[in-house]
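Common to both upcoming complexes is chain A, partnered first by chain B, then by chain C.
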Partner chain A sequence: MISRLAGFELEIIRRDSHAWWSLLCLAALVFLSFASTSFDAARDDSDKRAVAAAERARWLGQGTKDPHSAAHYSIFAFKPSPTLSGLDPGIGPFVGQSVWLEAHHQNDLLNRPLQNATLLQRAGLGNPASLLLTFAPLVVFLLAFVVVAQDRERGSLRLALGAASHPSAIIHAKALAIWGASTGLLVLPAVAAEFVLAAVGSHLSIDVFTRLSLWFALMAVYLALLSAIGIVVALRARDARIALAMLFGFWIVAALVLPRAGSSAADTVRPLPSSQIVRQQMLDEAAAYWTAEDTALHKVQLFTQYGVTRTDDIPNFRMAELDMVERHSHQVFDRILGDFYEKVASQDRLFSALGFLSPTIAVQSLSASLSGSDFSHHHDFIVKAEGYRRALVNRMNADGMAHRAEGDERHTNDERLWAQIPTFAYTAPVLGSATGTTLPALGALLLWLVGTWLLLSATARRLRP
Partner chain B sequence: MDDGAVLVLDAVSINFNGRLTINNLSLKLKPGEVYALLGPNGAGKTTTLNLILGFLTPDSGAIIIDGVDGITDPTGARARIAYLPETVMLHPALTAIENLRYFALLAGRKIEDATARRLLSDAGLQAEAHGRRTSDFSKGMRQKVGVAIALAKDARLLLLDEPTSGLDAGAANDLSDMIRAASTRGMAVLMATHDLFRVKNVAHRLGILREGRLVDERDAAAIGPVELEELYLEKLTA
Partner chain C sequence: MIGPRFVDLFVWEWRQVGRTPLLWVILLTLAASFLWGAGNTGAFHNAQTQAQAGTRAAEAAHRASMERRAISYRAPVTPDKPKVPYWQDPTNVSGFSQYFVFQHALKPHLPLSPLAVGISDLAPGQFEVKLNTGFGFDESYDFENPRGLALGRFDLGFVLVYLLPIALILAFGLLVTFERDRGMLQLVAAQSTRPQLWLGTRMAAILAWIAPVVMASLLLALGVASVSFSDALPELLAAFLLVGGYILLWTGIAALVLSRMPGAAGALGMLGAIWTALAIGLPLLGSILASSVSTAPSGIAFINAQRQTNDAVQTDRDAIVRRAIAARPDLRVAQGDVDKIDHATRLTFLVPETEKRLSQFRAATAAHAEQQARIAIVAGYLIPPIGLQAGLATLAGTGEARQRQFLIQARAYQLRLRGILYPPVQRQIVDPTPDSEPATRGRLNLTDRNILPVFAMTDDSPATRTAAVMPFAVWLWLLGGVLAALGIRRAGKWPPDL
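So, the complex of A and B:
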């Protein structure tokens, strides 16, 4: 019976021009932003693949040279677009997409998509997730106003209550209609299109399918709890006008103010050092160039390591020194950047815990995580790219160390060695392996869902005209 | 206690803010009986209907509707009641047929278009209005749809709250016909009203409510229109 009643409520929504056109306009905007974001991601990935292939050819064709010079000549690594970046690019536009892998340096990523962003994208509204998070509450509340507050104000709810054998069915049908209309028009088309694109593009793995299903479920839950909030307020407010004012206020606070205030609060409570300070600290502790005094110190360390007393007793003293300095830098980078990334993760955890204040914050955190576009996933790329860099540099240095060279003499090698370095192929983490920072948001969202539906059920049970 | 009665109110009382709005009200309606509850504004007529509908819970007393306890099982009791508020407010975006099907569905009855058209015609709504949205319906037309909703529910008890208020003479007359028809079908009818003329016209019994108390109760046939008016004024000013 509830689904049949919901059918009538949907018809009421469809015939209300304000509600219907608001819903359709947002649905069109969400879908167009999905198409635009997906197109950009596909084009960027195609470009990245082409440049990565050229980079590989450049690496292989660099000719005969000293392996350590080859490690400096090195190569770019490219970050593929996250799994569901068409739905939620997350921090993608704000972080680099490629990294120069060279000896002595763990470089920052370059080429941030935001550098080429449109006006809408620069405003943070150029993707489906941000549009849904920001504007879906407004549209859902408008639907609640039409099918509940106006119904109550007009008196048709009183007639319905007098006619109903199960009054709570009226409210559940209204909730189902609002949720069905908003989910069906705002979320489903983009998710279905993403599914088709993944299937056609042959990257519909179990992980992608699971992420896509969960992202759909996440947005469906978000719209369900917004529907419940809209209905409860519309039923409990003194009249329709006050209900509308309260819902409008809730939208401003929950969807606009709190996510921004939460972000600022997380930044204040758990501040990050500036990237310049971090970079300088790394240079201070692991310099790429060193003095004669440093070399003297290195000599002592290498004599101890090799158990010798003369540089000539080390097959390739220069390469051994470079290798020692390189390995020292790994420890320095791990300590300094590890601390920095832990602070970022801690800030993310705090922000996601603020989901207890606003469901928009909780959904924002979870959406980026499910889409593979949050910091945890980005960090995974950084770690894997850095691992590749270290393996490459270590292999080059090892080749140099294995060949005797004295004084200014240089051991050289060629494509046979360069080809031993595999092509960099990044595989994003599977769902669950990089979602730790969003667990508080999941708890918060569940609490919101249970709380609002309990409130809705209680309101429905005590429904009076 | 119910003796086959469709509605039994037994010593029902409710108070709001320390004031007894309904005071020890007892009332019994048999199948097919039309009972008019008379009284000025604030006498407790609408409160009585809300108690019967289960929208309010009495502080004391019993309410039985067609054998179902209206206090412990308001949902079960409400399933046996058709209710027409003073102003029947339909969904303006839906047609008369859609409104009827929607409200019938709420009562657990799924009706087809043809049945809906027949019920609307039985309630006196012209065929050309059946498929029109109700946004521009007059009060009388909405009342007829409301009657069709009541008929569709096939309830045992029909509650009418000021049913003729704001209706023109023709529409009020149509409503009287409908009440008689409902009575003939065996439906008990309780109408809260000011309309003494209509009461005399359709009711079998009448009761006068004042400050929540039933101060007089008569057979409608045993009293003339002028006497009824005199009695009403006397009871209100006594």
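So, the complex of A and C:
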């Protein structure tokens, strides 16, 4: 019975030109943004693959040289777009896409796609997730207003409830109709297109399929709880005007103000040290060009380490010093940058906990995490790229240390050594391994869902003709 | 029948509107948002200013450390304290040029910066300017949580551009439709009051409350964010003009929609749709169109070009240096000594050559940026929220044009540093400073290391910044005025279905 009633309510929605066209316009925007975002990601990935292959060829073909020079030459690594970036590019446009993995430095990722963006480009940065999160509440509330508040205002709801043997079924049917229309038009086309793109591009692993399914479920849950909120407010408000004002107010606060205000608050409450301080700390503790006084200290440390008293007793003093300095820098980078990135994660955890204030925040955090486009996933790339850099530099230094060279002599090697370094190939973390910061958001969303469902059920039970 | 005069009706409406709790809820929420937005941006910019002060302190510490070492390297060489390699020797001019120059270009915030965060959260406000980095400086940025960048900051600009229209939509949409929804508009229509007069006075009364409160709240918020009004008076007045025009624009839009006397649902639905179209729909389409007009040169492809060029330059390095020396009458005698030239000195010839070979890529990037900036200006007129955002950022000193000036000046600063250091570095090829006797630890061919000027950004005058936003302010006032007039004119008759 509920399905037949829901079909009837869908027809009412379709006949209301304002509501129906609002829904269609948003659906068109969501799909357009999906197409645009996916196209950009595919083009960028193609560029990255081509240049990564050229980098590998350059690395192998760099000729005969001192292995430490090779470690300085090194390679650039490129971060591939997450498979679901067409649905939610998350922080992608604001984080670096390439990193130079050179000796002595844990370089920042550079080439942020929007580094030099105009305000138009930034304001026009729509993507399916942001459009759904920000504007789906407005459209869903408009649908709720059409099928409930206006029905109530006209008195036809009273008649329907009086004639029904189960009045609550009417309310559940209205909720189902709003949810079905919004999910079917706003979410399903983009998810289906993403599925096809992933299948055609041979990216459709179990992990990707699970992420895609969960992303669809997440957005469906979001729209369901918005539908429930819309109906509860439309039913409980004194009249249609007040219902409209309350729903409009909820949209402004929950979807427009709180995500930005919450994000700014999280960053203010748990501030990050400035990049200047972080860079200076690394420069002070692990300078790439150390002083003559440092060299004297290194000498003492190496003599102790090797149990010798003369530099000539160390097979390749220069490379041993470089290796010692490099390994020291790893500890420094891990401590300083590890602490810094933990602070970033802490900000994200706090933001995700603000999902208890607004379901939009909770879904925003979870959407980026499921799409693999939040900072936790980005950090995974940073860690793996840095691991590759260290392995490369250590291998180069080890080769130098294994070959005797005195004074200004330089040991050299060639492609036989360079080929021992595997190609850099990044594998994104599987679902569940980089989601720590979003757990509060998951709890918040469940609470919102249960709370609104209980409220809807209670409202439906209390209904009297 | 003689109807009431505008003034009488306006005074009556003004009193009635002022007693509406809804209006005060909207205005107080807006004022609180102004305070939070301005405070938030003010604190953010203060943190950036402190980081810049930290940079200057680090430069000073670096200079002090360098001087201490320079003094100690005057000592004669001993078995325990040998000659210092050139890359560790600040008294060696070529070593100094490559390994000891630690200068920064800083973009200070302007007095009215809490008005809008603009691109100050995304674009770097400081660069380390090394002598031999291509084109001025390495790409770098001050890390901000990218989640915050993606969501956007809750700044005063956001409140003015996006929330102020919503407040106006709510106020007009709910306060003008009250009689219609309550069925009382029939009573009004039965009187001698014409619909144009009734709509005009009601909207004017609402505006007469909102506009002064918004301006006063704006002033208060900027004051709380420690803006020195005397230092930013022209920009402040221009900001008021922009905000006033924006209020008038949305009043005009509301007048057009309300001229048909819809109910609250119809009015809010239509105004909400217009807001959505202007705030997100058109910028999204505009951004896609702008990208399709001219695709940004790929940063990834530039890395490839840079690597290829560096490789090519390294392969030909001796020939390049030889050619460069041969082309210089003052250095020509050293053509045969290219092998003896150290790495830092070679760079003074190789880096300009690398820049020359990569210049077409840089030119393409610059041309694209210029084109996008021009498109953004036009888009600002077509999509007023974008125009207002850009106008506020210009006045705050956080806009794109000032950032471009900063980049150009930082590059000019690097060229200036090269102009100071390259000649003495290259002179050592043909006229090396004699080695000290007895041999000292340092090379001692650079005695004064305090020869590099400090970067100081040259800014446009406040009058220039103000003049830059005036055409858009006039456009907003014109557009708003025309729309309001059209709206009032459209309300010529009471709707037949009252």
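Here is the rule we go by: the second predicted complex is superposed on the first by the 455 of 465 C-alpha atoms of A that agree within 3 Å, B and C clash if a C-alpha of one lies under 4 Å from a C-alpha of the other, contacts with A are read in each partner's own complex, and residues count from 1 in each chain.
The working rule: a residue touches a chain if its C-beta (ideal position, glycine included) is under 8 Å from a C-beta of that chain, and two chains touch if they have at least 3 such contacts.
Remember, it's a predicted structure, so these values are computed and weren't measured experimentally.
> Based on the superposition on chain A, does the combination of chain B and chain C result in a clash or a fit?
fit
> Taking the superposition as given, does A:Arg154 touch the first partner, chain B, the second, chain C, both, or neither?
first
> Check whether A:Phe8 is in contact with chain B, with chain C, with both or with neither, and answer first, second, both or neither.
first
> In degrees, to the nearest 10, note the angle that opens at the C-alpha centre of chain A toward the centres of chain B and chain C.
Between chain B and chain C, as viewed from chain A: 100 degrees.
> Determine, for the superposed model, which of the two partners chain B and chain C contacts more residues of chain A.
C
> If you stack the two complexes on chain A, which partner ends up touching A:Gly180: first (chain B), second (chain C), both, or neither?
In the superposition, A:Gly180 touches no partner, neither chain B nor chain C.
> Pick one for A:Gly230: touches chain B only (first), chain C only (second), both, or neither.
Touch partners of A:Gly230: none, neither chain B nor chain C.
> In the overlay, answer first, second, both or neither for which of chain B and chain C A:His166 touches.
Touch partner of A:His166: chain B, not chain C.
> Figure out whether A:Ser275 sits in contact with chain B (first) or chain C (second), or with both, or with neither.
Second partner only.
> With the superposition applied, I'd like the minimum CA-CA separation between chain B and chain C in Å.
13
> Both chain B and chain C contact which residues of chain A?
none
> Can you list the residues on chain C that touch chain A in the complex?
Those residues of chain C that touch chain A are 22, 33, 36, 40, 43, 47-48, 50-52, 54-55, 58, 69, 73, 84-85, 87-89, 99, 118-119, 122-123, 126, 139-154, 158, 162-163, 166, 170, 174, 177-178, 181, 264-266, 268-270, 272-273, 276, 280-281, 283-288, 290-291, 298-301, 303-304, 307, 311, 369, 372-373, 375-376, 379-380, 383, 385-386, 389-390, 393, 399-400, 441.
> Using the touch definition from the top, list the residues of chain B that touch chain A in their complex.
Those residues of chain B that touch chain A are 50, 53, 55, 75, 78-79, 81-83, 85, 87-94, 98, 101-108, 110, 133, 146, 149, 153, 159.
> What residues of chain A sit close enough to touch chain B in their complex?
1, 4-5, 8, 11-12, 15-16, 151, 154-156, 158-167, 169-170, 464-465
> With touch defined as at the start, can you tell me which chain A residues reach chain C in the complex?
Chain A residues touching chain C: 18, 22, 25, 29, 32-33, 36, 44, 47-48, 50-51, 54-55, 58, 76, 78, 90-91, 93-95, 97-98, 108, 110-126, 131, 134-135, 138, 142, 145, 149-150, 240-241, 244-245, 248-249, 252, 256-257, 259-261, 263-264, 266-268, 271-272, 274-278, 280, 289-293, 295, 340, 344, 347-348, 351, 364, 368, 374-375, 378.
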